[in-house]
Amino acid sequence: MPTNKLYEGVSDWLQSAVETLSAAGMTVIAPTQGEPGVVNLTRVTSAEAIAERYDNTLLPLKGQFFPITETLLEFERCEDGDVEIQTEPLPAPDEVIVLGCRPCDAAAMGTMDKVFQWDYDDVRYRARRDRATLVAFACTTPSPECFCTSVGGSPHGDEGSDVLVFGLGGDDSGGRVLLKVNTDKGRQFIDRLGDRVRPASEGVQPPSPPELARRFDTDAVKAWLDEGFDSDFWQQMALSCLGCGACSFLCPTCHCFDIVDEATWNRGQRRRNWDCCSFSLFTLHASGHNPRPEQFSRCRQRIMHKFKYFPERFGRIACVGCGRCIRACAAGRSLAEVLTEVDARQKG
Amino acid sequence: MIQTKHDQDDTAQWQPRIVAFLCNWCSYAGADLAGMSRLSYPASIKIIRLPCSGKVDPMFVLKSFERGADMVLVSGCHPGDCHYTSGNYHARRKLKAFRELMSFLGVDPRRFKFSWVSAAEGAKWSKLVEEITAEARELGPFRTFPEAAKTEASQ
Amino acid sequence: MINLTIDNQQIEAEEGKTLLAAATLAGIDIPTLCYHPAVPSAGACRICVVEITGGGQPGLVPACAYPVQEGLEIQTESERVVASRRMTLALMLARSPGATIIQEMAQEYGAEPVPMDKGDDDCIMCGLCVRVCQDVIGQSAVCFEGRGHERKITTPYDKQSEVCLGCGACAFICPTGAIDPADYCPHPLETIPNDFNCGLDTRTPIHIPFPQAVPNKPLIDRENCIHFITGGCEACKQICPADAIDFDMTDEYVTEKVGAIVVATGYELFNPDVYAEYGYGRYPDVVTSIEFERMVSASGPTTGELVRPSTGKPPKTVVFLQCIGSRREQGGLPYCSKICCMYTAKHAILYKHKVHDGQAFVFYMDVRSGGKNYEQFVRRVIKEQMATYLRGRVAKIFPSDGKLIVRGADTLSGTQVEIAAEMVVLAPAMVPAAGIRNLAQTLRIGYDEHGFLLEAHPKLRPVETNTAGVFLAGACHSPKDIPDSVAQASAAASKVLGLISHQTLTREPTIGIVDEETCNACFECEGACAYGAIGPKELKDRKGEVTAVVAYINEGLCQGCGACAVTCRSKSIEVQGYRDDQLFAAINATGR
Amino acid sequence: MSPEASTAQSLAQTAAEMLSQGQVALVIGYAPTEGKRLSPPVFVTTPEEAQRLGFDSRCFGNLSVYLWSPQVRQMGKTAVVVKGCDVRAVNVLLRENVIKREDIVLIGVRCGGVGDLPAHKCTVCDCRDPQGCDVVVGDAVDQPDGAAEGRYSAAEALEEKSLDERREFWQRQLDKCIRCYACRQVCPLCYCKRCIVEKSTPQWVETSAHPRGNLSWNVVRAFHLAGRCVGCGECERVCPMNIPLGAINQKMAKLMEDEYDFRSGMSPEEKAPFTTFSTDDTDEGIL
Amino acid sequence: MSRAMPNVPATTDDHALIPMDYTSSKMRIASIVDETSDVKTFRLTFCDEQEGEAFDYRAGQFGLYSVFGAGEATFCIASSPTRKGYMECSVKRAGKVTGELHQCNVGDIVGFRGPYGNWFPIDLMKGKNLVFVGGGIGLAPLRSLIWNCLDLRDQFGEIAIVYGARSVSDLVYKEELETWRQMEDVSTVLTVDPGGETPEWEGEVGFVPTVLEEANPSADNAIVITCGPPIMIKFVMMSLEKLGFGHEGIYTTLENRMKCGIGKCGRCNVGNLYVCKDGPVFSYSQLQELPQEF
């Protein structure tokens, strides 16, 4: 079955989709309006709950596959001194449809897939990933902090999503839409929707993506980073960084984690939690030695990792330009500005 | 297979679990005196001895609740009688604020008790434990204190 | 040096000295009335006349005013001298027949009063008072007034003198005791009760607190001293031959670094005036046992004579009441004061020794005479001294016909008894010294509801306290008699010696330890520490340069309460024995 | 010239003077930038760069948080631009020996309030005129009326709710916490070398972002700020999950003012309520 | 099973993925040896016999050991893969897990997952002269390799061991050091830092690099394997340069903090390498290519 095929959705396709999929026992995850100005992905059973207008979700898509905290195993010390270990069962096999993530977040899953599935296959991540279909809604109004075009993405980017939905009316989702199938999973999704979608008429084309200036050149950035490890740029750049984890935790590609035990006297859980390379204790040895003792070295690591180390290792940049780190930064710092300056330095 | 304590809560024999932090010189000695005087009191109370009520960190109380306590008691020397001069005054100030904070966050302040029991007050101790145990039984199991989520984060 | 002869005795004297001074120094006594070493001489009384028999112009001269001269020969008791004194005394006797000293001297010199107007004034017009007031005190509050036989000592215009300080120097110095300063002085001259004798007599502002005081030196009671009240007087300073008076001396706070403290603050007596039925404070003949003790003491206010305060006559019937405040759950103290049974028995004996025909009654609850030979002693009091022991309480004491009617119950015979007593002696409960709670809180040691200090363990550590280095001795700990107090004091002393005889101090390891890596040096812990045990410590690198300042806990001062550990937000302080991981494990275990 | 422009000019001039005369090695101030929601901090080391300094209603940040940063300390004597409310944080830092007065220069700026609305803290501000600064720039500003009444309005609104309502409210709010620790990192008073949550022996506060760990973390943080928090509101501002942290801090600040007549940061000499006690403290609720 | 030292960074494409659910195998503590005041060596056996039989590893690999309730920590495997039926690790008490581990008794159950990481290039070492330079607890990974080589003695040339610690009491594996000293075909030099000696001490007194220079091993056909505190490694490298050793022939092992052990959690990331996957064994020339963040 060919992909990249276009379908048109009628005006109530979304409502129908949610109902149909839910009725089929699937879990539909969609952006919903929480507190004012906050949209997040939550489970929905009706299309009415789905947010109509939003730039992007506050939290990135990654949490659906790599939760902020999850149990790996449970253990209990028995009276006889033995320890009973129960590995946490894998996520239930019911299918999950993410209906309405942004293309940048979908693209970010490509980065996540790389790290969770090389050499060792993280089965918990894999199970969640395998069961999910990503239906992305193309961006119509990127926010001022967005810079996806600078890192090879686009408000209408295909990468990572199984289906990409373009609004043909004003809204993202409510009115008439064009659905572009990118994968087999996407096809299956379309198939489930029955008569609410139909192959697009000849000549119907997706709208052109909104303008988003390209701010820096990742090749130039990489070139500068290759030589710039010892530059004093890092110290200046990092002065205002407060070392919190807001940028990492909201980043759709950051994937560092911690494994901790939490226990009462005889039983407990081993959990995996999000972690952040900006934290001063991240690399601290028990001996007291810390390979990255200063904030600037941690800031450098974060940028190096995203734009040099990760590409070298996995062949792609670990940034999709969603702009969350800029919006979340306590000190008003901007990754895009930093990289723009790096770009400028490289180009002299 | 791995149960939480609440799995067994709803039996008729439910006994509240009260964690008590006692200062060494007054309240612990008072509890000791109650024992020496052959005064009985409910076994629901689990005593942790500290040098002074001033050594009770709010985190101890928090952790006790985390570990399933239905009630926490802190007990020290009467004002002015602290073996360390002022530990109980420090405790009084801090723990009052802590109780207010917990109450503000929706934790029932009746679950957190504070008392003065001197080394000579074995009888007061046993009566106190009787009373707070009765109150804890009335309040029922402390289910509302958050446990770690059983399901994974929904974000 | 000047050589002269007095009464055929060769003596040396400093130039400028008077004959009187020189003679006194040589041990030759020259009588005088108007002379005082602190007061410039006036030669007024003429009693000190001596005869120059050679080496100068012969004749009678006043020894108090005549300076020594080289080669002078003096007779102090020559016929001429004696005759002169006799005449002088005869005149004085006529004027002041009532003055004891004049009577005595007149008798010694065989003087008869001259037949003239008999005076009735003890004043012999020597003017010593005028001189001391003017020249020593510097006030001139008294002066001569009038002429001839009108002449007298008085204040200007016979009014109470505004300049009089009330120092009493005039009265003190008057040879005949003719002056009552109250006549002159506008200031109230209060008598000062003698605390040691329970206020049963008085004392002067300068006094020795009690006969056995160590050091046995007088002290000035500033509150009552004229000098400290008005800034004047200083008579004592002028008079003191040893120049020992220093008004600038003040009480001092003496700061000593010590290795141990023994608390031996003793006891006080419960004030029995809360029991109106006994009339203490209202009826002078109701006294406490300590007052009784002073009365029968040879150094006491009555020099050992037992008399009724109301009449000054020996009491023929004395009733002793025990357990005043003691063993009384309601309106008193629940404990037994322990010593009253025995001292009351002793008092009964003392009473019989003082008043042989007297009768002692003792009201008691139980006679508690546990102790070596104690019971035998009480038996002796009952059998040999015929003291009547009555088991029961006294309900009421009231005066009647100059006596005190003591109405009480004799529970053994089941009868009401009424005794007409001439004196009632109360044995009040022992209570800890005032201020004991403050002291205990300062020393961080425990005390019970009555204020008696708590030992570390009633059986195993009876003289130690919960604060290392602080020990207890005596009644501050509980009611005790003398042998028990001595035993406990000895034990405390040996504990102290045991403590300080070591080079290093051994103490419980329960102390705070600072994690210097993580200490923020905010020093909030310092505020929480009741012992001043926390201060800054400089961390230095190998070159000796200061790299950081952190909190430091002095392990000698720290008592391990842990208040600092709670204050420390970064949890950089652990209390040994109550470490966080230990407490964490304990709390975890409550969840089993 | 607009008031903002004249303030910017004074700031630039003051900073340039201090730097050129060698009084300070670094000036930390705000760099208002077109199109930004927040005027970000700027670290000025040369008189020329001082031109970037300015002040406008987007200068939320409490720059005193940088005073104890190891990198800033390394750079030498530092001048910092502070609003009147920020001075309170500086006072607490001085009180707690985190910084020494002689190591810093305070450039006070008179502030008419920040934020569009403006921020709640600005509507109840009683310290718009910075106290205890070495230099003060900007035009005189008026204090808002009736500041004291609304000071703790967020806490009071919650106090009026029932216990169950409050529990329900806070469970929902705290469950959002992702443990990014932005609240801690932005707080000028969270200067611990090792935060309690980072102490693993024992791990008093669980690091997992589950309801239990989140409650413990937020309780402990609030308690560690009790009697210290100056109400700068930075924690609430930076919280990416929009948890109303300010209300918790307000609650504790209200308690301190009601019980101990104490407002943190009013002077560097004050004694924090939790380092002392009174024998007259209430025995209410003690058995 | 992991691969040794990739020359090309791994990608997802070049081999089958190993499923990973982060569970631990249960191991029982068979014996505990107190090496120093804060180092203990634990001998562990798998509770599941089949698992034990299937278990295989190479000298230089590490594992994640856990005390249930305290968490996981990374240590190298200190015993030789030639000795079957058990596994040993030497643990210095430093943090939470190591502290808890030190509290454990014989018979207690601990968790283990591994082996992870690459290993010493023992195939390259065959026929070569070997110089082992160790300091303090850094002898643990070398011990695995030393016994491995000694158990296959005839496959290697000369074997020299230079080992030092701060003081006599800080020397680990004291009995084995004595055994090596007694061996005729192994030249063993032991040293303690100046001031760390006891009156009975028969070995050298001096820092490891100095003693190494005095021992003067030949660089010809030789491979050096070193492990110890960073400062020691730094000076050992300088000494080795003086002695004429090339960077390619020097191997060491890194001890970055790790949580997952399998190249995901990001902690041990240095440059484009993951110490847990691409290490922990690195040649000196590899290390020089890396950012100095280890």
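Just so it is clear, A, B, C, D and E label the chains in written order, and each chain counts residues from 1 on its own.
The definition used in the following text is that a residue touches a chain if its C-beta (ideal position, glycine included) is under 8 Å from a C-beta of that chain, and two chains touch if they have at least 3 such contacts.
Quantities reported herein were computed from a predicted structural model and do not represent experimental measurements.
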Path length in steps (a step moves to a chain that is touched) from subunit C to subunit E: 2
Most distant chain from subunit C, judged by the mean position of its C-alpha atoms: A
Distance from the mean Cα position of subunit B to that of subunit A, given in whole angstrom: 45
Where subunit A and subunit C are represented by their mean Cα positions, the distance between them in whole Å: 90
Centre-to-centre distance between subunit C and subunit B (centres being mean Cα positions), rounded to whole Å: 54
Between subunit C and subunit D, centroid-to-centroid distance (C-alpha), Å: 63
For subunit B, residues contacting two or more additional chains: 63, 67-68, 80, 86, 90, 94, 148-149, 153, 155
In subunit D, residues with contacts to at least two other chains: 178, 196, 201-204, 206, 208-210, 213, 274
Multi-chain contact sites of subunit E, meaning residues that touch two or more partners: 95
Sites on subunit C touched by subunit A in the complex: 517, 585, 588-589, 591-592
Subunit D-touching residues of subunit B, taken from the complex the two chains share: 58-59, 62-63, 66, 79-80, 86, 89-90, 92-94, 96-109, 113-116, 128, 131-132, 144-149, 153, 155
Subunit D - residues contacting subunit E, complex: 200-203
Residue ranges of subunit D touching subunit A (in the complex, touch as defined): 35-43, 61, 65-66, 69-72, 178-182, 184-186, 198, 203, 206-210, 213, 234, 237-238, 240-242
Partner subunit D, residues of subunit E touching it in the complex: 95-96, 99
